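Look for subunit A in each of the two complexes below; its partner is subunit B in the first and subunit C in the second.
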Partner chain A sequence: MKKVFQIALGVIAAIGGFVDIGELVFNVQAGAQFGYLLLWCVVVGVIGIGVYAEMCGRVAAIAGRPVFDVVRTRMGFGTALVTLIASQVVNLMTLAAEVGGVALILQLLLNVDYALLVVLAFMVFLLMMWFVPFGGLERIFGYGGLGLLVFVVAALHLHPNWDDVAYGFVPHWRNSALYAYFIVGVIGAALVPYEVYFFSSGAIEEKWTKKDLGLNRANAILGFGLGGLLSVALIMTSAQVFRGLNVEPKFLGTAAMTAEHTLGQTGLLIALAGMFFAVGGAAVEVCLSGGYSLAQFLGWEWGKYRRPREAPRFYFAWIVFLGLAFVVVATGIDPVDLTEYAVVFSVLALPLTYLPILLVARDRTFMGDHANGKIGGFLGWLYLVIIFVIAVAAIPLLLATNGGG
Partner chain B sequence: MAEDRMDLSYRVLDDQLVDVDGRRCGRVDDLEIDGDVGGPAYLSSILSGSGTWPQRMPRRLRRLGVRIFGKAVVGRNLIRVPWSQVEDIDTAITLRAPARELGLAQGDDHLAPLIERLPKS
Partner chain C sequence: MHRKFSLVAVLATFLLAGCGSLESNELKDSVGTIHSAVQEGAILAGDAAKGRTTTNFVRAYAGQLSSALQHETEKLSDATPAQGVAPKVQRAIKAASDGSSALDDLRASPNDRAKAAVARKQLLAAAKKSDDLDQEL
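This part shows the complex of A and B:
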């Protein structure tokens, strides 16, 4: 019974932790531009992140290897170095976007100067990440992010035309570069690479073993799957409120407006609070992922389960990473624009990250009986192809559509 | 592959080094093989540290690698761990001595006094 309860808590945190600024930007715009038509991309993205998170959680639990250990040992020094640089650039852009996003959300709640809130947000993250243990961070932000469930309530409250919704879940093509750009964006927002860095390192932080494979599966499939519902709700509410109004929601607050439109002031407050925790949680995850990746590549001691004095370079690395993100935000760049670039560029780093995970997850030398089965293997290779296609298309589409604008 | 053989690039190269106290202390950045020409060759040491990295890069980029990562200085950015210090080869390479004795994880040891001054460190 205790085990079931533990698994349920993990799943709840995974649901709340699923959505980040990438979904808030891409899905809301996708709904406004194309109605329900891109809902199928959420399904594609959610299955993909579920499959790969499950694999790297399993590799961490059985072989004790986190993602960048696997990248380094399977791809060799040169390719692993290129992967490290690419993923750290994307991590930095994402971190800056998330922290800038938190400041934007706080501005809507508190009506205080943005620059001041940026400084405040950085101080709060620094102190929380230093003092609060790993499990605490996961729970605070994961549970808080459940506020986003208000979008599910709003989507149902607006009485959608279910025939249209169902049609949106059927993959179909439109001859438009903008449509293709949003396919890349919505799938890419679900597949951001830091999620797998964090998920696998988290498995080692929490000392997962063979006994935790059930928890791993529940988190990856149920947690991320249900988290995908929030992602669907963002597209649906935006489609219902903004579609046909010729509105291009370029502000983060627009997402929350759909909740206000439906459920009034209370809806708005719950939505903003949910967004604050979801985006804040993502900031913590990306920041730690920056430290994890570097430390694992170089073989340093790492982990929040170690005290700072036991893993000084790891702690120093994520603090420097947070500082660099502050510099990026301080240039005054718009977090929403930065999010778009971060998601599109992260798609480029995906094949280099996912291939080694797949290679180790199927390797019986390290995984024994827990190596990929037929279904896992098939989905793994299928998604590698999908990722490769969207990686090739990402930059040309970004240029052709002028960043979706 | 026969059971008494081991593919070094698959099982050892690039792997995590863990010392006798369970502390992560670098990676197997390169391997050193000794012996005379025509005679038997044997694996003498694990090399760890940024001094080895230029050699791991494509030939054309090695000069650039030296500029970025610096020249190899044995004992500082290139640590030689005798193969006899290896206790076990599993998903990590476990060593028989503490990292400090082997000259590994010096970066952590240098940074530790600074971090220790902070609260709750």
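This part shows the complex of A and C:
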């Protein structure tokens, strides 16, 4: 019973990071512009992140190594340095987008000046991440993020045509650059690298061992699966509310409005609260991932389970990272535009992050009997090919569609 | 060498000539943004007219949509339209400013259902104008 409870907690915590500002933006846009046609991309993205998160958690539990340690060991200093720089630039863009996103959501809730809310968001994140332990952060944002389930209720309440929904889960091609751009966007938003950095470092934070491999698998499959359900619900709700209206959503408020339009005031407030916790949870994860990656690459002491005096450079790193994100948002850049660029550029960093994970997870000298099996190995290579294809296509599509506009 | 220089000069003249002039494909992008904002505004106003939303959400979201429309208005007003595009630019500016003004009315009285219903009608009219323009571009 205790184990089941622990798995449930882990699953809920996994939601906190999966649905972030990238998912909210790309899924709502995808639904508004293409109806249910891109639902299959959510499935592709969720299976991909589940496969690689499971590998990261397994490597952390068996070999005791987090992702960046693995990257440096397997790829050498030069390649690891390129990966570090690429992933930190993307992490910084993502963190700035998430912090700005939290301020925008608070503005929709409170109607207070945006600039003031950016400062407030920065202070709240700084204090929470300093004082609240790792497990507490995961649970606060994971439980709060469950508010996003209101989009599942909204999607069902709108009585979708289930034949059309089923057709959306069948992969198909359209001769349109915009459609291809959204394929990259929806899959890329699910596979952003910070999720695996955080997942693997979290496994070390929580001192996972061989005994926790079941928990790891449950978190990867059910946690990201539930996150995927929320993404599907966002696309479905958006598709139904904006059907035939030629809307190209550019605001976070658009997602909340779909819940409001369907379920009224209560739906709106639950949606905004869920969005606040989901995007806030992602901000915490990206910020810690920035600190984790740098500390693991340079061999510093790291971990939220350590006191600041035991891992001072790790604490300094994530605080600087949060401060830089604050500066980026304070320039007045639109968090939604920044999100689109962060997701597309993160796609470029994906192969550098995911290849070393796959190489270590299949290596019996590291993993012993827990190395990738046939199915894990097949899915790992398949997804690496998918990742390479979307990485090559990302920038040309960004330019060809003028950023999806 | 002389031929190379001439080619660069021709390219530079071509680029400079195009610089700052608003072509119809760029106008189409702007019209798409305007249409989207007024259409979203119409849904928001409709929900406000039914009392299905909150005061803070209406004020904040209508403010964001109105700012986006004002930005498009300024962008289009500052641009030099290419030949034959000018009348359509004026129609796009009119749709954007009508939408922005309706959203400002909605922000001013988010709890007044009757005014919200009027704002909805104005926004739907602006959406129709932008849609017609989009079809022509």
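Criterion: the second predicted complex is superposed on the first by the 403 of 405 C-alpha atoms of A that agree within 3 Å, B and C clash if a C-alpha of one lies under 4 Å from a C-alpha of the other, contacts with A are read in each partner's own complex, and residues count from 1 in each chain.
Criterion: a contact is a pair of C-beta atoms (placed from the backbone, for glycine too) under 8 Å apart; a residue touches a chain by one contact, two chains touch by 3 or more.
What you see is a predicted model; the values in this text were computed from it and never measured.
Novice: After the superposition on A, what does A:311 contact: first (subunit B), second (subunit C), both or neither?
Specialist: first
Novice: Touch check for A:264: first (subunit B), second (subunit C), both, or neither?
Specialist: Touch partner of A:264: subunit C, not subunit B.
Novice: Is A:245 touching the first partner subunit B, the second partner subunit C, both, or neither of them?
Specialist: In the superposition, A:245 contacts subunit C only.
Novice: Return first, second, both or neither, reflecting whether A:254 touches subunit B, subunit C, both chains, or no partner chain.
Specialist: It touches subunit C, and subunit B stays clear.
Novice: In the overlaid three-chain picture, which partner chain does A:108 touch, first (subunit B) or second (subunit C), both, or neither?
Specialist: second
Novice: Along subunit C, where are the residues that touch subunit A in the complex?
Specialist: So the residues of subunit C touching subunit A come out as 29, 32-33, 35-37, 39-40, 43-44, 47, 52-57, 59-61, 64-65, 68, 131, 134.
Novice: Taking the complex as given, what residues does subunit A use to touch subunit B?
Specialist: Checking each residue of subunit A against subunit B gives 63-65, 69, 72-73, 76-78, 80, 130-131, 298-302, 307-313, 315-316, 366.
Novice: In their shared complex, at which residues does subunit B touch subunit A?
Specialist: Within the complex, subunit B contacts subunit A at residues 13-17, 23-27, 29, 48, 53, 56-58, 91-92, 105, 107-108, 111-112, 114-116, 118, 120-121.
Novice: For subunit A, which residues count as touching subunit C in their complex?
Specialist: 107-111, 241-242, 245-251, 253-254, 256-257, 260-261, 264-265, 268-269, 272, 402, 405
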